[in-house]
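Right, I'll just put the structure down here and ask away after.
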């Protein structure tokens, strides 16, 4: 039995509230159960040096966690003087995931930075950041389309993410913190609205896992992603 | 005329919503017009080295601003690798202000860290942090009193803060960003519920100011603080 | 056609030379084609703070690249003042992968640090680091068994890693730099000697990939890992 | 009774010696009792990026303390790898205070950096830095006027600073270290030669203070500033 | 008696193996007994800012030590976040030494960076770095001459280095770690192929040394340098 | 002819003024021509970790330069966030030099930190720091002898330092900045009061130097050191 009483293929309740921050081109608060992430997308008229003059745009992401977001207060990274390896790994993943649905020619030579700040954490913060980050990106791109700054929609599909894992020997969808800290295998899947795989990351925490188990996890993820994409569509409707 | 249409002695609308973060001992979101600050108070069983074995408690504060909180995206300090001088100055002020109402013997040898994270900024973020931070601190202390971890209430009074300034030659209360960036003199006042002064900080931005002007600013601040203390009481009732 | 003329399921020539560094408990130079990594394992009698007194051991990894290892000189991280996000991500992966085959009770309260320093890079450095790092770890553990410092072998299986990708539309094994920089999908697989999955990481670089493609990549990886485990056995015989 | 035997409204003996450093455009050693600060002003032909092309000049300040300046040796900040929050707060204050008397159009597009290095500390180092820093700035500006690099004097008035506080229940002027570490309220005042207020900073260290007490502190400060401005004039005569 | 059984004027066996790294313009592995240093020379088309437009070239050096190179694992400097004072002192010495034989006009406006990475340490790593670094530099310059990028050979002589010291009261050549850690006086000499002195660094570790002792150490060094220059010539033949 | 009109064997005028800083156990301002260094010695009751429980004392040094000490303002290292390689090299040299005259058993398990801060620079700052640093150390040790904290004088001799160089083809003593920036060879010598060599550092800036030239430089240094030791004795008398 899952600590939350959910069935193996159940997502936590998902809500996505848009228009949270007046200064950001796009913003939303995504809540996956008790995991709450504020996602914003800011447009800047410049690109990183390696793209200068290329005509191509760039989408990048940054990730942070408020000190009180976790069970015991976590140290503020600005105070520590650096981002942890975990933070850097997560923000690299979010950036890669979001770029997978972007036509960088259509975006034109500008950068959109998607900031994902975890307000409250209960497992699955990187996946919620991707799913919510896509909504913020969508809203920012809509603003550019509306003003005529860009003509062709550079977002070619939805992108969403969900975690799966083997908890108590049973493959389950969308782990919360209680499950995540006990899971034997932990995996994150990023997929497009049409079901293509963008990123697959599976780690054995104890015993190795088999190809059959990997396949079951992907089955679960496909179901979860469908619901998350529906939630993205719902909040934008 | 003020850009917002307010009268000189008008505060912006204030709301304080408590119980925002489930992991923090105390938390609230304070909204002073378009300035929104999430304040949390976390209790730790240890004190800084200079207080070890003294029997005295400690209250400290940290301040941060989300990258998208401002008009143009501000650089994430964790990325930059250090907190700016402005950030350090503000968090030192918040900590001093909150300690002014704490009986550190009654608190006992424990530390409460108040984190103030600006979600959206429109002027007056340090003052909103103090006013909201006091509420988070109050809630954390209430939790300690309820569990019996402490017996005597260590909070001897309310503490709240408000800014004033000379805008267009007229002394006004509670500057928003549009006023703050144009104000001739800018001052922050921290006071207790009984009206005692905890901190006075006034700066001439252009021409020096007179003692008469300083006195008018304090008059305005006293009125504002009374309303803010009422809002603190209201949200806790 | 692959730039190197290899067939899709061909590994690059692999050699593993042991006993490279006289001070390290275990060491080897692994050469996968033109990718050369020096792997060492150092034993220390202490563990990280979170394991103190637990009786459990720890295995961790660090990764570095000599400035002249790449086509154009890369900046020395010690000079830059920090490890890049990429470096941290890789060394976290190596550590996780190696710990997957370690019985930490049998290891006892000591730490083994596996350093993987890339002498020359031509793609696949993180996979070579894991495969070579396991050999260094094996040698260090053998030393501990020989002196009687530990009684039960804490290494429960081999661990090796290989990359796969979709190059020119064709799934291929063990990408070199020329392929890696052009590949549509890039994946790394870490497996045990008995074929269990330890880590799966697949990223779409352009178009998303399908479950069928993922399955083909795993098939290729299984063949490659078998050869790499044979090479590990060969160098230790 | 004050530890030094001074009356409440007595400054410590002040001397300002000019022409200390041959390389600096302006320099002085200010001694306020046992607080000794070396102040220099260096002229550079460039301004910060945000002023480039504006025609406006800039005055900024940096503050430091030699390790042996204090009772027990304080750690060298260059060794620690960063300036403390206190140091940054002080140098921001000095810069703001000095800019209050500068006509930045008349200064023209150049920067003057005022360095204030505390050689020996006995309380009131930030105030001594402002008073001495103004003399160094005055001398550097005089050099620019003499060479004809600027035509109109950009210094519109004197600026000086003094601390006051409530010591043993009595408001006193110009606290030394023995008083400062015991004072109930601690305030710093920056004023112009004509008596305008440039900066007011008052902090309750224990109990809050009243408006009457604040007024008494300002009365004391006005007397002190008059003497300090006279000392500035004296050393330049 | 020396721990290694060598006579006072004996070098350790020296071998220099070239062509170690395919990406570097010049590279070698120098082995002085158990001290092994990988030296590479990388050519870049730009010079440091202070030489821009001067027509002059630049040669600089960086030094590092693999964590497992020493008896007990030394902390990775990239992890520590900075290069130690010792590292910086050594790489400044290597750079100065190599520049002593370079005609910077003939080199033209380009930079050659010589990286010296200690793979295994047994005393004398800075001297081995200079001797091996010169070979890498020679090979990189040969490449530039061969392609016609430069016309006149900018290397005007050989440069090599050796340590000497007073061990057990006896002046000896080329200290290994066992001697170095016990030596009363420790000196490093850098000389040209024609015997000119480039750098002399002698330190008393306990009692001061006399001019006679210094002269004996130079005599020993001259002999050692002659052999090292012969080894340089041998590996290039 | 030397720019200052001095003869080759002439030192610049030297003065050493003691008792500069009231908080330091020992302090002096040494002036070698226009090079002015403030040297202080602070006693701390603890030693570095590697000496804990050994009964041995430690003497260490730190070096800094005020921003306005040089011709053009140099960047404050505390602001830059790290000490330069040059600074670290110099403070390591000062520490080694001073330890050469210390009986660390007699000193007992305590640390003396000698801070050398350059107030004004005109060449030879490291040598002036050593010569002045020894005086500060002497005064701090005298204080310990006077209070009876130590019984046997741990300073076994004087230590002083001077630079020499080949300027315009002529070996000269005690280079000032104008000479130093043009000198062909630059050397620093640290010697004891009895004439023993503690440290010899000679660098060819252009052409190599010969053993004869080195000997002439040592002759000059011996004369200079005798005068500096006399100045040390004079200021302490």
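Note that the chains take the letters A, B, C, D, E and F in the order they are written out, and that residue 1 is the start of every chain.
Criterion: a residue touches a chain if its C-beta (ideal position, glycine included) is under 8 Å from a C-beta of that chain, and two chains touch if they have at least 3 such contacts.
Owing to the predicted nature of the structure, the values given are computational and were not obtained by experimental measurement.
Farthest chain from subunit A (centres taken as the mean of C-alpha atoms): F. If you average the Cα atoms of subunit D and of subunit E, the two centres end up 51 Å apart. Computed centre separation for the pair subunit D/subunit F is 33 angstrom, with centres defined by C-alpha atoms.
Centroids built from CA atoms put subunit D at 59 Å from subunit C.
Of all residues in subunit B, those touching 2 or more other chains are 81-82, listed in ascending order. One closed ring of touching chains is present, and its order from subunit B going to subunit D first is B, D, F, E, C, A. By the touch criterion given at the top, residues 20-24, 27, 34, 38, 40, 42, 44, 62, 64, 66-71, 73, 76-83, 87, 113, 115, 117, 119-121 of subunit A touch subunit B in their complex. Those residues of subunit C whose C-beta lies close enough to touch subunit A in the complex are 82-83, 85-86, 88-89, 91-92, 96, 100, 187, 191-192, 194, 196-204, 207-211, 214, 218.
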